[in-house]
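Below are two complexes that have chain A in common, paired first with chain B and then with chain C.
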Partner chain A sequence: MTWLTEWTAYLPQMMSGLGVSLLIAAVSIVAGYPLGLVLSVMVSAKNLASRTLALAVVEIGRGAPALVILYLFYYGLPKFGIAFESITAACLALIWNSAAYSSEIMRAGIQSVDRGQLEASSALGLAQRHTFWRVIMPQGMRSAIPGLMGVAIQMFQGTSLAYAIAVPELMKSAYNIGSQDFNYLQIFTLAGLCYAAISMPATWITVFFEKRMARHA
Partner chain B sequence: MTIMLTLSAFAIGIVGAVPLAVGLSSSNMLVRLASRLFVDLVRGVPIIVWLFLLKFGIQIGTFKFNPVAAAIVGLGVVSMAYLAEIYRGGLQAVPRGQGEAAHALGLTRGTTFYGVMVPQAFRIVSPSIATYLTGLLKDSSIASTIIVAEMVFQSQSFARQHPTVEGILPYILVGILYIVLSLPVAYLSRRLDSRMRKAVYA
Partner chain C sequence: MYHFTYHVTWPTSTDGLLVPTWKIAMTLSEIADGKLAPRTGIKLDKISKRYGDHTVLDDVSLHVEPGTVTALIGPSGAGKSTFLRCINLLERPDSGTIQVAGHTIEPGKVVNNKDLAALRSTVGMVFQSFNLFPHMSAMKNISFPQQKVLGRTKEEADARSMELLERVGLKEKANQHPGRCSGGQQQRIAIARALALDPSIMLFDEPTSALDPEVGLEVLAVMRELAADGMTMIVVTHEMQFARDVSDTLVVMADCKIIEQGDPGAIMSDPQEARTRRFLRAVLER
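Moving on, here comes the complex of A and B:
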């Protein structure tokens, strides 16, 4: 029971950390998904230059660990005179990450749309632009939703990496509290519970959506 | 060190996930709930938190984890949970008729499971396992935060000694190295997959 009373004492500081974590996750999702959409369209573009560029951005974002990208933004770019605050660097790195992962999911979603839909729209005389935005895209995005929710959860957990560049997020506040009285077991358990309290229900909701989609497929 | 970490954690995961996956698809509700809770809890908490818990939190008498052991155990347990989920998906994807047919042929439950269900499930999940392995390779970079001297940690110390522009080089190099390291895994998995497909349809 002593743990519980001490936890309530730590809670305000932890909550401010959690707020920063959620903020970074939200930014990386809100900015990353539209970018991912652009990338997913570019990857299947006819223009070779834009295709190669998009492919490089996606493959680096997915292939290199988020931590490495984080360090590149925070420690690497200042050497060329481009310096960020730690929280900006974290947001930028995670935006790249989420754009890369979400673009792959959206691409798969768009590809999963039946070819007949494309043929039908062209038979109906729809312009290519309308075919893509009004016919293919809405259907493709629908099947991409569970995957995108999964990436969102992954992004929220990924914000914990921002600890490594001293962003005052949940992990950092936990570490600060822990280093005051060396109660690491207790405080990291609380931190873990905070993360789990958000990720676990989110996962369950995702699974629920997946099942519902499977039923209507 | 990166490769050592990845492979040791993967070894723990791939073996430890078997009982977990059996638990997840058990017909006993209590067992199923307990394993589901364990898997979701492990997956719901970021890896860095598990590593810090093991490295700084655990102290039994004079025993404390050294960084490498903490990283291997932490990554191992996390991969156990993820792989268990993959195994369960594979077992579920095997057509129900296979189990019923095996039962009708009078096979025992053990033979049905290990001789009929598992081989087919493995064929289904082998690409997912390979994908997870490349993910684990990248996640092993998190071990640098608890002072394990793997690739990212090495490039950090290099950058600290070279505060000029060239200090950025190791990060770029390491980034490329991760991508290159994941290539053979992808290649092997594609070959394994196509070979097993041939074995089925030949």
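Moving on, here comes the complex of A and C:
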């Protein structure tokens, strides 16, 4: 049997794993980025309590490896009577991770907006909320887009960590197939190709956006 | 019932960029509606501003009559911009009193956000770097503040924006983003944006310094029209010709103080202060 025929045989099972991986990545991005936005605003808030809380959430999310958080959610929290299904625990851990990383990118984006924009808004008498949501945010988010796309790719690859708590995602599928007839080389190569098939085009799109952004800066 | 007619006349600009002469008659009720703000002057008394140990403004006083143009000149670091920015409280002075558009601001007095917004919408400001909102079209740049600050509907705001774009000669740029406009065009849009809030006072902070000389002319032409219309204006500038031709009062600042003020022609031909002479020689003999 050649690699190609083997791959064709494995592919259906791999595809279901890939679907789960994509689902976890999508959830962690769709829920994580809005949370990241809230954190990025809280981190620069005047209120000390909200600033401290946000800072703690961001620093833990970025400082601790995602696997540690994943284990804490899955194996740690049941100690307090909070038990999650493995896929839920994986989503929650990765949401935290993506919120923490995306918040820093958004904060940098917001800070990169020219000070003159703030002055012009003040001089016009615009209320702070209008200045923030209509003037600063759209510009800050625009410059954050390439970074956020980068984090999205990382999140997708990070879903492979969910293998460690037996979520039936891409790595788990690959391992299951591999352990049947010990074709680890073929199957993990295929798994790698599956990740690359998503990540590489996504990276190209990111680069395209970066270039476009640089041109319209 | 009052019946009061207000005539506004716009002279045609020399380069033909701007709208032809037209007249509008307005009743007092229309003026009260904010279509044309009442003329107000500015009184600044003993304004001082320090950043730590560094003094930027030292006891500076200036009275500006309604409907006059004041040109503020002087070497860099003299405190001209800071002084200008004190008028709409972009900078809060450490001491001194500001009376502008019916508001009195004193040190220690808390200005609430509502009053601050009201004051700022009666004082228009134009910046050296234009500061247009790059993610909005020219039209949106002008309409958006009207909707948020004055509560105009989108239709009202857009109609006013179009009127102003036409007045600054940029009707065809309405749907373009600032990035697609030249520096001079951007500055004219910025002037239209400030005018859209019907300010009674306009502040210009080196409006042509970021523009090449030819492009600067089209901005100066708009400002000349505004002055001819009777807008109260304070202009920080290095454009000596403009200061001489258009301003009613020339104010010379150096070393955190006003060192000389009066008739522009008189000061330029016969400055009383040695510091003024030195500065004028430097700019005029360039």
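The definition used in the following text is that the second predicted complex is superposed on the first by the 216 of 217 C-alpha atoms of A that agree within 3 Å, B and C clash if a C-alpha of one lies under 4 Å from a C-alpha of the other, contacts with A are read in each partner's own complex, and residues count from 1 in each chain.
By definition in this document, a residue touches a chain if its C-beta (ideal position, glycine included) is under 8 Å from a C-beta of that chain, and two chains touch if they have at least 3 such contacts.
Here the structure is a predicted model, which is why all the values come from computation and not from measurement.
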Figure out whether A:Leu72 sits in contact with chain B (first) or chain C (second), or with both, or with neither.
first
Determine, under the contact definition given at the top, whether A:Gly158 touches first (chain B), second (chain C), both, or neither.
first
Scan A:Trp7 for contacts with chain B and chain C and give back first, second, both or neither.
neither
Of the partners chain B and chain C, which touch A:Phe84 in the superposed model: first, second, both, neither?
neither
In the superposed arrangement, which partner chain does A:Leu124 touch: chain B (first), chain C (second), both, or neither?
second
Examine A:Arg134 and indicate which partner it touches, taking first as chain B and second as chain C; both and neither are also allowed.
second
Can you tell me whether chain B or chain C touches more residues on chain A?
B
Which holds for A:Gly116: it touches chain B only (first), chain C only (second), both, or neither?
second
With both complexes superposed on chain A, which partner does A:Arg142 reach: first (chain B), second (chain C), both or neither?
second
Which superposed partner A:Gly178 touches (first chain B, second chain C, both, neither)
first
Common interface positions of chain A, toward chain B and toward chain C:
none
So in the complex, the part of chain A that touches chain C is made up of which residues?
114, 116-117, 119-120, 122-128, 130, 134-135, 138-139, 142, 216
Chain A contact footprint on chain B (complex, rising order)
40-41, 43-50, 52-53, 56-59, 138-139, 141-142, 144-145, 152, 155-156, 159, 164-165, 167-168, 171-172, 174-176, 178-179, 182
Please output the residues of chain C touching chain A within their complex, sorted ascending.
88, 90, 113, 116-121, 123-125, 127, 129, 131-135, 144-145, 148-149, 179, 190, 193-194, 197
Flag every residue of chain A that touches chain B in the complex, lowest number first.
59-60, 63-69, 71-72, 75-77, 79-80, 157-158, 160-161, 163-164, 171, 174-175, 178, 184-186, 188-189, 191-192, 195-196, 199-200, 203-204
